[in-house]
Amino acid sequence: MDIIYALDLAGTFVFAISGTLTAANKKFDIFGALVIAFVTALGGGTIRDVLIGSQPVSWMLDLNYLAIIGIAVVVSLFFKSYIQRLRKTMFLFDTIGIGLFTILGLQKTLLLEISPVIALMMGTVSAVFGGVLRDILCGEVPLIFRKEIYATACIAGGILFLVLKNLQVNYDISVWSTVLFIIVLRILAVKRKWSLPFIA
Amino acid sequence: MDIIYALDLAGTFVFAISGTLTAANKKFDIFGALVIAFVTALGGGTIRDVLIGSQPVSWMLDLNYLAIIGIAVVVSLFFKSYIQRLRKTMFLFDTIGIGLFTILGLQKTLLLEISPVIALMMGTVSAVFGGVLRDILCGEVPLIFRKEIYATACIAGGILFLVLKNLQVNYDISVWSTVLFIIVLRILAVKRKWSLPFIA
Amino acid sequence: MDIIYALDLAGTFVFAISGTLTAANKKFDIFGALVIAFVTALGGGTIRDVLIGSQPVSWMLDLNYLAIIGIAVVVSLFFKSYIQRLRKTMFLFDTIGIGLFTILGLQKTLLLEISPVIALMMGTVSAVFGGVLRDILCGEVPLIFRKEIYATACIAGGILFLVLKNLQVNYDISVWSTVLFIIVLRILAVKRKWSLPFIA
């Protein structure tokens, strides 16, 4: 099992935990928690696959994604208070997750020989729209529309990845540079409270 | 016209009536009622078709589904108070509907030679996500996430159907056993107030 | 560049402006405004493409649509108060937009040799569901379900277009007659406060 696949599963796991915690806050039952965990983790990639016409959608072809989400829900229920003390570890894997989701979504779209602009957009959708769907299903206005958390980091990372790819930099180096870049951007954004201008 | 097709239309009819009554509660106009009736009845199957890549989605190829929904909306408007006295009949056809929707969705997915786990999931999505879409479009948090009404019955019925299929039981017997099983499960769930554990 | 294409872009531009203004009312940031502008302008056509199986969805194959939306967001931010004084011009282009979106969506579906009834429905979805998605993402119950603004005009216009097409009227004449008919219908509807019956 290569390391990118492992980290993709790790990202899925962390997204699913965050979905389960949201469902718990909303007092959903276990069925609701499974749906929200699933949608948070795989919703963005699902929208990407449907828009570009890659069906059956990818998680149907590799049951490890469903399995890891099931495990994440169970783990969240039994170790809820413990998880809430792991905020920093969660943040790290969450950021690795969005970095990888962006790159993997971007690459999948590039394979179709569609414009890199669309690929960049689909990379961002892969990383960000699981959270949008989660918020909609929970009856909340998507947080990311009001207080941009990581879409800009995804877009910036995606652009970096496209540049490195065009310079024919080695694939692994490109991936790790991009993920590291996104992590640094997000940490800076959180520490310095960067935000996009509002438009009231 | 075979009996499974007839009951599929009957299920669609009952789902559309329930959608129209929801729209009436929300004080929507006729256009809104048509959309909500449609989404309640055909939304789950539409999501399934899009996820597995079966397009144009199935209701585009058989106008009887649209016709039956149109009739359901008109009937709901003219006989609203009468329908509300038919709760038990509605409950019965609603349950037959979800049973059939589960089995038909499951079978359609199996034909693509995807895993039975995914087929089970798509059967449940076919039966349940019309209601989820209806609630979202009406500005409500989907009831099924909080108070599980029939997803568990769909999943249990789907598993029974897969087992019977693997045992090579006659198709019609498998279908009727599954539908009957789901009906009994739901009646028991309602009578005994079964529910899934909350995760607060 | 032919005139229908130019007006399609103009309609996209006006829809994107209206989306940006909605996002501004909701105090979204620029990322949120871009998403809402995009969804308002291209959401209806995207749903149509996904339902009929025309993927990658159409805006992925012509970057002018994304560019015009980006420009619309920037223009909206800088000239907000000026735009709000242009209500009548906006109304005109908005109506031309929905007329064209209806016709173009209808034609695209007819090409697949699906029933004209479905084509009419997909035309209406193209014109109307961008606004539905916008309202859902903004946490509002879709306005169009309560106070029908233009779905009826789309449907009536679509029927006229189908009739003219069957009578083998010249294409350009059919398009302009339909658009004009929809404009007149909408102006009458606004002036005379026509509305669909409620179903409470």
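In this document, chain identifiers A, B and C correspond to the written order of the chains, with residue numbering beginning at 1 in each.
We adopt the following convention: a contact is a pair of C-beta atoms (placed from the backbone, for glycine too) under 8 Å apart; a residue touches a chain by one contact, two chains touch by 3 or more.
All of these numbers come straight from a predicted model, not from anything done at the bench.
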Inquiry  = Give me the C-alpha superposition rotation for chain A onto chain C, in degrees, nearest 5.
reply    = 120
Inquiry  = Over half shared numbers or under half: where do the identical copies chain B and chain C land at their interface, same or different?
reply    = different
Request  = Could you grab the centroid distance between chain B and chain C? Build each centroid from C-alpha atoms only and quote it in angstrom.
outcome  = 31
Request  = Enumerate the residues of chain B that touch no fewer than two other chains.
outcome  = 50, 53, 136, 139
Query = Touching chain A in the complex: which residues of chain B?
reply = 50-53, 112, 114-115, 117-118, 121, 132, 136, 139-142, 144-148, 151-152, 195-200
Ask   = Okay, in this complex, where on chain C does chain A touch?
value = 20, 23-24, 26-33, 35-36, 46, 50, 53, 55-57, 60-61, 63, 66, 77, 136-139
